[in-house]
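Presented below are the structures under discussion, each in the form of structure tokens.
Both complexes shown next keep subunit A, but they swap its partner, so subunit B is in the first and subunit C is in the second.
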Partner chain A sequence: MGKLPARARRAALGVLLLALLAVPFATSGYILRLLTLLFTFAVMAEAWNLIGGFAGYVDFGSVVFFGLGGYTTGLLMTKLKLPFVAGWLAGAALCTVFAILMGLLLLRLRGHYFGIATLGTSFAVREIIANWPSVTGGGTGISLPIYDFPNSVFYFIMLGLLIAIVGLTWWLSRNRLGFGLVAIRENEQAAEVLGVNALRYKVTAYALSGFFIGMTGGAYAYWITFIDPTTIFDVGITVEVIIMAVLGGAGSVAGPLIGAAILTVISEILNAYVPNAHLTVLGAIIVLVVLLIPNGVIEYLTFKRKLSLKSIGATLAQTRV
Partner chain B sequence: MGFALVWGIMNVINLAHGALIMLGAYVTFWLFKIGGIDPFLSIPISMLALFVLGWLIQRLLINYVVRAPILITFLLTFGLELIIVDLALNFFSADNRSVQTFYAGQHWELGGGDIIIPQVHLYTLLVALALTAVMQLFLAKTRTGNAIRATSMDLDAARLVGINIRQIYALTFAIGAAAAGAAGSLISLNYSINPGAGEFYTPIAFVVCVLGGLGSISGALVGGLAFGVIQSLSQAFIGPAYQNAIAFGLLVVVLLLKPSGILGKASS
Partner chain C sequence: MPPLLEVVKATKYFGGLPAVRDISFSIEPGELVGLIGPNGAGKTTIISLISRTERLSAGEIRFKGQRISHKSPHQIGRMGIARTFQVVRPFRSMTVLENVAVGAFFGADGLRRTRSQALDKAHDVLRRVGLERKVDALADALTVPDRKRLEVAKALAMDPELLLLDEVMAGLNLSEIDEAMALIQEVNRQGIAVLAIEHVMKAIMGISQRLIVMDHGQQIAAGTPTEVASNPTVISAYLGKRYAARAVSSFEF
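Let's look at the complex of A and B:
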């Protein structure tokens, strides 16, 4: 896309959007489900990218917002009989507040410590939800009311969220907040010296990340209508989201989306053809990606780097001992 | 302990540690099932097997990304974990297995039956203590141990004085894997095992290392003991349901208050 003139790019984007809007009316339920799932993960990968890619603070607990969003939506709908939209927004609001509080505490930690602390938090929250049956339904999970509208509604919700977060990220990438975050990633002390209020920037990015993942979690819970602590707080979701962002290109606008698309499709194909070796192949892909294209495929797609043995060798030479 | 070593020396958080523990447990299980070898005697064998595997993993994969950001090594070891666990699922099946020795149920009673000490638990503790002591001595007294510590302090300086970094890293990871193998053997004696069991142990290794102080071998032991005591106490006073929530909550609190851990030195 890097070589196309701006007008052609805008036209291509418009055509793509129209095609995506038309999808539910033209395809099978299977494709619709797959695309909805793809968008779900794409939103989360983009949301993770705000803190993990731009600010370089590797969040290993993103799933906590997914679970909290899902559980808040589910509980408000089942216990208080609130309509979906109310529960959904409340879930997203809770996630935002939780992200701000967590961020104020944990974003003071650097490097691994932040990663471990977020991982620990996501485990702790999962355990609390799983062991508080009087409020959360405990380990047995909760069943949400069955919706009486077509699934395509969820397709549009996820698509809407995706457009919103890609738009936000694009705006961020050419705005003071985005520059500040990148400065923090490259050298936090230097950024502070230049007048970036590092903690405020990081917490803002983290809150946005939490908000979007919370929205996704709430909609996802209503979509699949059943949630329990082990599946919706699965640390595997966090990792999958990170892999997507890295595979596509962390810190870029379109990278996480591209990564999500690639990984969801590969995963679907593997599930269909080699169900037994699915995770082995996925693991091998992860290993190869981080060894050979640690900066993501976006570098190649935008012609910043040529796909050749030499460039891959150069990447390896930088990091090996 | 192995986790602490790999983390402290190479700055690599090994997410596959749990999977390696699981493999160690299976080595012991199969040797017991097929060869009738006593689990305590098979500890050296599972350590050796995991040592070789760990050496290969480091030499062929992790050495290439040691200088990369932490995220990359994190993901790499997670990918390895997926592969190991999935292969184990396919080859060993998902069944729960356990090692049943003739002394499994035996115990000593102290204080007129008030205190019951299962023999296996005591032996396990003794082996763990012995392994920690050996590791500590190895790092402090031998030439290779010193080379490992020097590498962790300053990679480039270590290279300047003629240490072969690639070999040292491979060795360090191999020793870490061997420790995981020993842990697996000990675990198979006390708990039933399945291919997914490791997933449970990696977070525990995390908590233990952070509690004790990163990269400190004796710290790992202190952290392990602290973890056990905290779990039992919270089980007794708050109820078993929240023991893991408290353990992980504690992890976060320790990170915030004293990131260098109980035995760790204050970091700059």
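Let's look at the complex of A and C:
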């Protein structure tokens, strides 16, 4: 947030936080639901950013943690009658362990191969859950117990997760872990020669990513109260999360959050006014963004670049086809 | 005391092709050793084998008496061996300071450094290599000689005991070469042993205490710069047999 002095920035951040905390008392219904959904995606985009943005390993299977978190929460609550918090934490723990195991295997792959392998993993897990009805309820899905508290609880849960992951990302971007991850992204072998234990760092980023997406999935499942394999393991969720992170600025602290806000709002407007052309217009916007501002909106918000025809033209000229 | 570095019958095959065959040499603490030879002689492969970015096919490498050929590159880096790459590898999206801070964060004592200690260390190293005015520049925006300096600075921030330099002078003009020579000698004076690959003969002859000459993956000569310069095998490797016969007495690189 570039040119503002630190104190003004802190004050602005404080005001924004207070406003966000006050939202549920001022409004309910549509706006509250929209913001909760926005935060849900923002947490996932920030979580994807740890492995995809900082470490540069593009994860095409993020939704696997969303689904696993949701299913673990749902199954523990329905089959074992555990309270939500227990199922929720168990789901996040499972996702973390799953990320560590998958990471130790898949993070040895470079470039596109990692993306393909993670995409495959998310399909495989979805199929296992869809075809194991005795344990998971199979393709029909499961209904979670109906909660007897107001909707705003989920708003606060998602907001809390968002604050936690943005804080974590900010801390990490200034410390050893972030330096190691960015070095890996820029040149993995050069990073290793400098003493970076690349595999351990990548697995750490992936595990954190899995943990947060798992938390999101668990809370989402309880909020929605019904999940089935097709919707909660939908590859479209992964794609949307990646677009948000890239649109806002992958590898930055606040970029994915900004991307999530922009995309959610645009989606909502398009859905309301041009429902039939929604995906077409969205697709066109994404193409333009990737072509014209490949480093994300954040570059302009932080005054690293001025928004002008000239700078956009320069970007286009440098675009390697 | 064992030597700082011992390379024992190091051999490396790429496919069926031997890039390095039965090379043995050692480096004492604080030494400045030049590694020379025509293109394709296997010099870079030697550095890659020591830093373990390539695996040995046979043989052994020891550092301070300890076998390191089975360790991973980051472990070797933390033990005190740093290297540069011939084609420099800056972390492009990072500033010069951040690039060097990576070495300070992860090198020999790096894991014990806090953020501000690592950044202080990076500032310190950048002053030593003469990049202090470029700390906030993006690595991508540096000139060629500055990129070479950055490459050395990243390695120095690790506090190595042995620095492996892969052609830091390639692509530099004459005055830049002089600066690079001065930098290497300065580093060596601080007690860091250096193994330097170089094509610029005048430079490497001038600063090395000892030279190892390779050709076709094998060691063909070793000794002081003067000994090596008058060695007929070396001259014929560089200039062909016919020239060597004529030039052996009066050869100047």
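In this text, the second predicted complex is superposed on the first by the 320 of 321 C-alpha atoms of A that agree within 3 Å, B and C clash if a C-alpha of one lies under 4 Å from a C-alpha of the other, contacts with A are read in each partner's own complex, and residues count from 1 in each chain.
The rule we apply is simple: contacts are C-beta pairs under 8 Å (C-beta built on N, C-alpha and C of every residue); 3 or more make two chains touch, one makes a residue touch a chain.
Treat the numbers as computed from the prediction; the structure is a model and nothing was measured.
On the shared subunit subunit A, the superposed partners subunit B and subunit C are arranged side by side without overlap. Note on the composite model: angle subunit B-subunit A-subunit C, taken at the C-alpha centres, equals 80°, rounded to the nearest 10.
By the document's definition of touching, of the two partners only subunit C reaches A:195; subunit B does not.
Look at A:111: by the touch rule set out above, it reaches subunit B but stays clear of subunit C. Contact with subunit C, but none with subunit B, is seen for A:186 once the two complexes are overlaid on the shared chain. By the document's definition of touching, neither partner reaches A:14: not subunit B, not subunit C. Shared-chain residue A:246: touches subunit B; no touch with subunit C. After overlaying the two complexes on the shared chain, residue contacts for A:278 are found with subunit B alone; subunit C is out of touch. Number of subunit A residues touched is higher for B, counting subunit B against subunit C. Contact with neither subunit B nor subunit C is seen for A:167 once the two complexes are overlaid on the shared chain.
Of the two partner chains placed by the overlay, only subunit B lies in contact with A:287; subunit C stays clear of it. Looking at the shared chain after the overlay, A:150 reaches neither subunit B nor subunit C. Measuring only between alpha carbons, the smallest separation of subunit B from subunit C in this overlay is 10 Å. On the subunit B side of its complex with subunit A, the touching residues are 11, 13, 61, 63-72, 74-76, 78-83, 85-87, 89-90, 155, 165-166, 169, 203, 206-207, 210, 241-242, 244-245, 248-249, 251-252, 255-256, 259.
Residue ranges on subunit A touching subunit B, taken from their complex, read 52, 56, 58, 60, 105-106, 108-109, 111-113, 115-117, 119-121, 123-124, 127-128, 131, 239, 242-243, 246, 250, 276-280, 282-287, 289-291, 294, 316, 318-321.
On subunit A, the positions that touch subunit C within their shared complex are 174-176, 179-180, 182-183, 185-187, 189-198, 251.
Listing the residues of subunit C that touch subunit A in their complex gives 51, 53, 72-74, 77-78, 82-83, 85, 89-94, 98, 101-103, 105-107, 110-111, 115, 118, 154-155, 158.
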